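Chain lettering (A, B, C, D and E) follows the sequence in which the chains are written, and residue indices restart at 1 in each chain.
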Amino acid sequence: ADRELLNTSYDIARELFAAYNEQFQAYWQETQGEDVTIRQSHAGSSRQAQAIIQGLKADVVTFNQVTDIDIIHERGNLLPENWAERLPNNSSPYYSTMAFLVRKDNPKGIENWDDLVREDVDLVMPNPKTSGNARYTYLAALGYAQDTFGDDQERIDDFLSSLLGRVKVFDSGGRGATTTFIERGIGDVLLTFESEVLNIVDRLGDDYQVVTPKVSFLAEFPVTWVDDYAEQNGNLDLAKAYLEHLYSEEAQRLLSGFNYRVHDETVKAEVADRFPEVKLLPIQDIAGSWENAMQTHFASGGKLDQLQRR
Amino acid sequence: MAESARHQVGSKPLIKWTLIGLALSITLVLLVIPLVLIFSQAFSAGWGTLMANLGDEYTLHAIGLTLFVALVTVPLNLVFGTALAWAVTRFQFPGRKLLITLIDIPFAISPVVAGLLYLLLYGRNGWVGSWLGQYDLQLMFAWPGIVMVTVFVTSPFVARELIPLMQQQGSQEEEAGVVLGASGWRVFRHITLPNIKWALIYGVVLTNARAVGEFGAVSVVSGNIRGETNTLPLHVELLYQDYNIVGAFASASLLAAIAILTLAVKGFVEWHQARERDQQPEHRTER
Amino acid sequence: MATPRPFLVKRNKRVLPGFTLSLGISLLFVSMVLLLPLSGLVVEASGMSWQQFWFVISDPRVVASYKVTALAALAASLFNALFGLLLAWVLVRYEFPGKRLVDAMVDLPFALPTAVAGITLATLFAETGWYGQWLSKLGLEVAFTPVGIVVAMAFTSIPFVVRTVQPVLEELSPEDEEAAMSLGASDGRIFRKVIFPALWPALVTGAALSFTRSLGEFGAVIFIAGNMPYVSEVTSLMIYVRLQEFDYAAASAIASVVLLTSLVLLFAINLWQARFLRRLEGR
Amino acid sequence: MSIQIDQVNKFYGQFQALHDVSLTIPEGQITALLGPSGSGKTTLLRIIAGLENAEQGRILFGGEDISQLHVRDRNVGFVFQHYALFRHLTVAQNIAFGLESLPKKQRPPKPEIRATVARLLEMIQLPHLANRYPAQLSGGQKQRVALARALATKPRILLLDEPFGALDARVRKDLRRWLRNLHDEFHFTSVFVTHDQEEALELSDQVVVMSHGRVEQVNAPTELYARPESRFVFDFLGQVNEFSGQLRDGRLVQGDAWVRLPESPAGSEAQLYLRPHEVRLTSEPSEQAHFPFCIEAVSLIGSEVRVELKAQGWQSEDVWEVGISHAEFNRRQPRRGDRCYAVPDIGHLFAEGQDQPRTISWGDSA
Amino acid sequence: MSIQIDQVNKFYGQFQALHDVSLTIPEGQITALLGPSGSGKTTLLRIIAGLENAEQGRILFGGEDISQLHVRDRNVGFVFQHYALFRHLTVAQNIAFGLESLPKKQRPPKPEIRATVARLLEMIQLPHLANRYPAQLSGGQKQRVALARALATKPRILLLDEPFGALDARVRKDLRRWLRNLHDEFHFTSVFVTHDQEEALELSDQVVVMSHGRVEQVNAPTELYARPESRFVFDFLGQVNEFSGQLRDGRLVQGDAWVRLPESPAGSEAQLYLRPHEVRLTSEPSEQAHFPFCIEAVSLIGSEVRVELKAQGWQSEDVWEVGISHAEFNRRQPRRGDRCYAVPDIGHLFAEGQDQPRTISWGDSA
């Protein structure tokens, strides 16, 4: 009798959606008088996109990368091109940005991006080749460089390349990087999502400190329903409702509890002290578009490869 | 054999004990301590936490799925391995050598690539997958896909154990059985099977170990749906990603326990084989 | 099957039963499970032009990963050749307490899931780990350096060497040694001139298996490699990256390079060994 | 049941293992297939059994063409060279295997099988070993179990591939004797393969000599020994001394050695074959022959004294061997290094280009 | 160099493989260690070589105690049953191995080694095979290479463990001959192990018969054959016909069979041992003996005709074997199933409780 909905999501959103699912189930029971079971699938969002293209029958996707949804359209033609316009805020119910985690009392005195290229600072971040998380960090640094050095392409490149040169470990994924930094005690700064960084401090408290740079990247967490599959599964209405409900005040509060920035004004006010004001640059400002960013920066032989080779 | 009475290279006590010491240290450092680490991490938060972690709904499901996959894989490869060994050791036919070579392919392919291959073929866009899709059959991202790649990855084990043994044993006993009028099944059941029993068990043990522990290939085709297509090794990774180090090592310790069990069974089988070999007295002449 | 089968052509009559059945199962299985998916690789890679193919596989970062992988695999297989030989020797030649345990433990890397192995090794060798803290005092870094890759590869593939050398060593006739001894040869000379040449083919085979296995290793390596571009990225990771980029063709292309290398290596070893054995067996 | 083999050809790939073999094996007799290694004996035996298929030709059992019949249905007993006992079954289970393999309808009830097995165990004199495993038996015991197993289903034809090949000399002799008695008792048709001429001649009623996949000669043992029809058979049947020389003036000459021939054959060259017991030793050359030798060894074992001779003043490929009686030995006391002469009593002459020997006897004129 | 073995005892765990073995092996001779399987021959040979250590006793080479010397330093040549050639070295490299293993100071220069190897290859008549690998050689060739290898370092003592055991009859004979010639030329002290009595008797100057880890008899071959000192040696040295019966009225009786004894020994029971060529066959019983038989088989091969006999009216553990000449055979034409009588010429009587036989001759009275 139960309806089943499959939510395919990125790897570290397991607990987030486990909590949200409960909330939504209650909401759906209340409004529609119907029980739903929500199945969760978590892995790197690129891999998830790939799985969906190859036939994983996901009703909704809740990713941490816009490109991974785009690809579902391009390769699989399972949803329309304009998917981002179907929900408010670019179909991104919550967002985050890139921040730094440093060790207790900030011994290296890290304040902003320019501190990261110092000789005495070791960085830990995931591998931009395998992790969206790291691509965001890269774009954030690029945004900062553009903001600081203007049109001087050479200085921008120098900055990025010395930043990458300071990285001691490139883990394959965001959580791996965190483990390396925390468990293995490697590096002085961990570069990752603000939400991750805050999570760690919530958990481990005094041993670490969060540094939010003045300029950073607007990391959107796009969601949408996979039209073809949702239709096949007879879940179109449910899928839409599942995603729309993410924008409700109740859900937004839940999301902010997981250290994501949200759009709902009420909730925003409630948690203002946790999320300092930062100049957030969207992708359009930094690289024109995601497509462009992928091509010029991250594709094989692209900017990233060139910078890392130096 | 009284080895001490015989002169052998390296039997000088100094050399002997140096080498033994070295070997023991390597084993300890490279093999034993890592194993100890797994368990010590699993128990680091106490017995209760360990049990709670293992008793978690999703962990239980992962255990179940893993065992199920092994349960399906092992018989499949058992049948295949035996059939292949029978065909190539009992008959001459063109392409026999090639067949023996082909069976080694899975050893030369990285598991991730293996998973990719299956995805390309059986995925929605693959040519088999799209055809199956018309009948609403989906193999990838469900247990059949997991089983398929596991079968692929573990397919050489049984055959590789059997082929040398059956080659060495020759087919005379089977021929003798046929001359005596036994049917094909009877020949297999009463003559071949008992002779290859231990090698077969050995092959099964290895297949099982690998089937239970496969990560790379399975992770590509699994879909990672919690409580549905998450096998135990995937679950370990997942817990690890969730900062649940204890949970990860708890599950890992389960896998390690299976590994140890495997080694124990294998040791037992080898001991048995050796005993059977020793029981055969060397050629005795009758006077 | 007990009835005569007059309808069969005489030539096809087989004495032992089950030819059709067993060959049928084998062929079905081999083509369905092994060949069909493999054709996918070819099909996917053949979608590219030769230039594209070359471009993908000769990308500097990929080439760097070849080097890292090959060198690490080489180091690991050399390490394994040395210590695998030692383990096999000790297991065959000596009686000592704990022998059965050592013998059993040798197979652990086969039985332990690679991901678990990777996590475990990374934990051990990290600066805070049981080994790392001592090594770092000596100024040695293992985890997150190419050395870490070697460690992971060596761990996962050491059984290949031990298990190929062991039986040969067991079969080695004591008479050869005794003959050499009665001819006045010293232990060292006997090992170099009589024992080692007999073990050599098995040792090479074992090391080659260990090498190919290392080339493809992913799960264990990835956790401990550090994945520094041009320094500690392995080829499996590059394949994985291409997959992440949805570039299946490129992934297939790189995979086919590794696969081809492995197959060529194994094939060459087989040929070499066949020739070697032909000499020894006089065929 | 008699066996007829009718123009059988057998190929292994390109290699022809049997050339046009035709043969009749009479009912109730023991026939030996004798020949050097690789001559196709095993192949022929396996074709008779149905373990191998001939590309051409027919096999008839008691006049009936059974070429198309599967091994399983030919009901022959087959004893393999290395016994091929089922190593995980006990002796009793091994023997019972054939009976228990019979189709349900024909299968005797359990107690009857047990009784048959007991009887067979009695026959092979091993009732006390019924519950042993093959690995716990000696070679001779294994061979007997293999025989009992083959006989359990009462085949009319018994085929044995080098039945005693793997046994040592004494056991071999015992078993040979035992097999003959068994055969005398049950009178099945037996065919056995051997490359040991002594065994073939001693055990069989008829010997088939094979070479290179062809049948060279078929004959009763005594006939065969007395009248080999070709050099090959001659050579193969036991130690022989060979003298090859030129024909000159009614003599066969080579170097210092010669022998007078009663009647001169055609051609200019010839070989003379002499069996060790068809030659005498003298200290002086005789009228009819002059074979100077130096004694190389004297061996006293057994019923005759064997003397090995090295040619002096002429060439012989091999050392000659001559057997003399102990009495003769005691009289003449030949010793190593002594010079002596060999005098033939009977010889077999192969003239140039001929494959059939002519037997010459000097005995009377001596 | 002579070898002295002085009260050697050897244990394998609980099992005593050698009991108090003392033995002198004279310089420059060939000595055979003969005995059934498991009698300790190999063990003794290996102890002489130093490949095995005895728990008690001493080994002396040329009067000097070398018990404590390592194999390596004893400088003996050892030839293994299965040759133990180094598979990955060529024939020439195999032969050179010993020389190249010498300590630097003693090692001859390369060209000299090459010359020695060439000379040895010449000696074993295989110079054309210098670059072959062992696997490419026949059994006989391998054995010769093994010998050359053992001889390269000019040992004064050559030890051979069943040197021809793995070869077939013909090659065996050739090699035996060759080895003897070699020995005659170089005069080292040789000890070889065999379980083939013929080989031991033919090849050696002295035979050591062993049984159950003990030395049974040491003698020259002809002596040994003529005067075996115990039943065991008697039995072991070749086919023998045995008659055991009660002593009654100067006769040895059992069932219908009896034989008259020239002088009656003590005791009530005795066994008579008869060699096959010491017995004649008659169609009527004679005065001195009455052994009724039925002819079971006649075998015509070789220089004599072998007749197998089955006791009639009395018990014999084994079939009797009698050898008659071809002439005799032609005269009497004995056939299977015929009844006949055996008449002994010479016999060896073991009286009750005695282990030494007494030889009896009826020859003159017949």
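Everything below uses one rule, namely that a contact is a pair of C-beta atoms (placed from the backbone, for glycine too) under 8 Å apart; a residue touches a chain by one contact, two chains touch by 3 or more.
What you are looking at is a predicted structure, and each value in this text was computed from that prediction instead of being measured.
Under the contact definition stated at the top, the chains bordering both subunit B and subunit C are A, D, E. Note on connectivity: the fewest chain-to-chain touch steps from subunit B to subunit D number 1.
With steps allowed only between chains in touch, the distance from subunit C over to subunit E comes to 1.
Using CA-based centroids throughout, the chain positioned farthest away from subunit D is A.
A comparison of the A-C and B-E interfaces places the larger number of contacting C-beta pairs at A-C.
Between the CA-based centres of subunit D and subunit E the separation comes to 26 Å, rounded to the whole angstrom.
Centre to centre, using the average C-alpha position, subunit A and subunit D are separated by 89 Å.
The distance from the centre of subunit C to the centre of subunit D, each centre being the mean of the chain's C-alpha atoms, comes to 53 Å. Annotation: 39 Å between the Cα-based centres of subunit A and subunit B. Multi-chain contact residues of subunit C (touching two or more other chains) are listed as 2, 15, 123, 178, 181, 240, 243. Across the assembly, subunit B contributes 6-7, 126, 175, 178, 183, 220, 240, 285, 287 as residues in contact with two or more other chains.
Among all residues of subunit D, those that touch two or more other chains are 51, 71-73. Here the touching chains pair up as A-B, A-C, B-C, B-D, B-E, C-D, C-E, D-E.
Considering their complex, residues 50-53, 55, 67-73, 103 of subunit D touch subunit C. Those residues of subunit D lying in contact with subunit B across their complex are 49, 51, 71-73, 75-78, 80, 82, 84-89, 97-98, 101-102, 135-141, 149-150, 152-153, 168, 170-171.
For subunit B in complex with subunit A, the touching residues are 119, 123-126, 129, 133, 138, 140-141, 219-220, 223-229, 238, 240-243, 245.
Those residues of subunit B that touch subunit C in the shared complex are 3, 6-12, 15-16, 19-20, 22-24, 26-27, 29-35, 37-38, 41, 79-80, 82-84, 86-88, 90-91, 93, 99, 102-114, 116-118, 120-121, 126, 128, 148, 151-152, 155, 171, 174-175, 178, 183-185, 187-188, 206, 209-210, 212-216, 220, 233, 236-237, 240, 248-249, 252, 255-256, 258-260, 262-264, 266-267.
On the side of subunit C, the complex with subunit B involves touching residues 1-2, 14-19, 21-23, 25-27, 29-30, 33-41, 43-44, 83, 86-87, 89-91, 93-96, 98, 100-117, 119-121, 123-124, 130-131, 154-155, 158, 174, 177-178, 181, 187, 190-191, 195, 209, 212-213, 215-219, 236, 239-240, 243, 248, 251-252, 255, 258-259, 262-263, 266.
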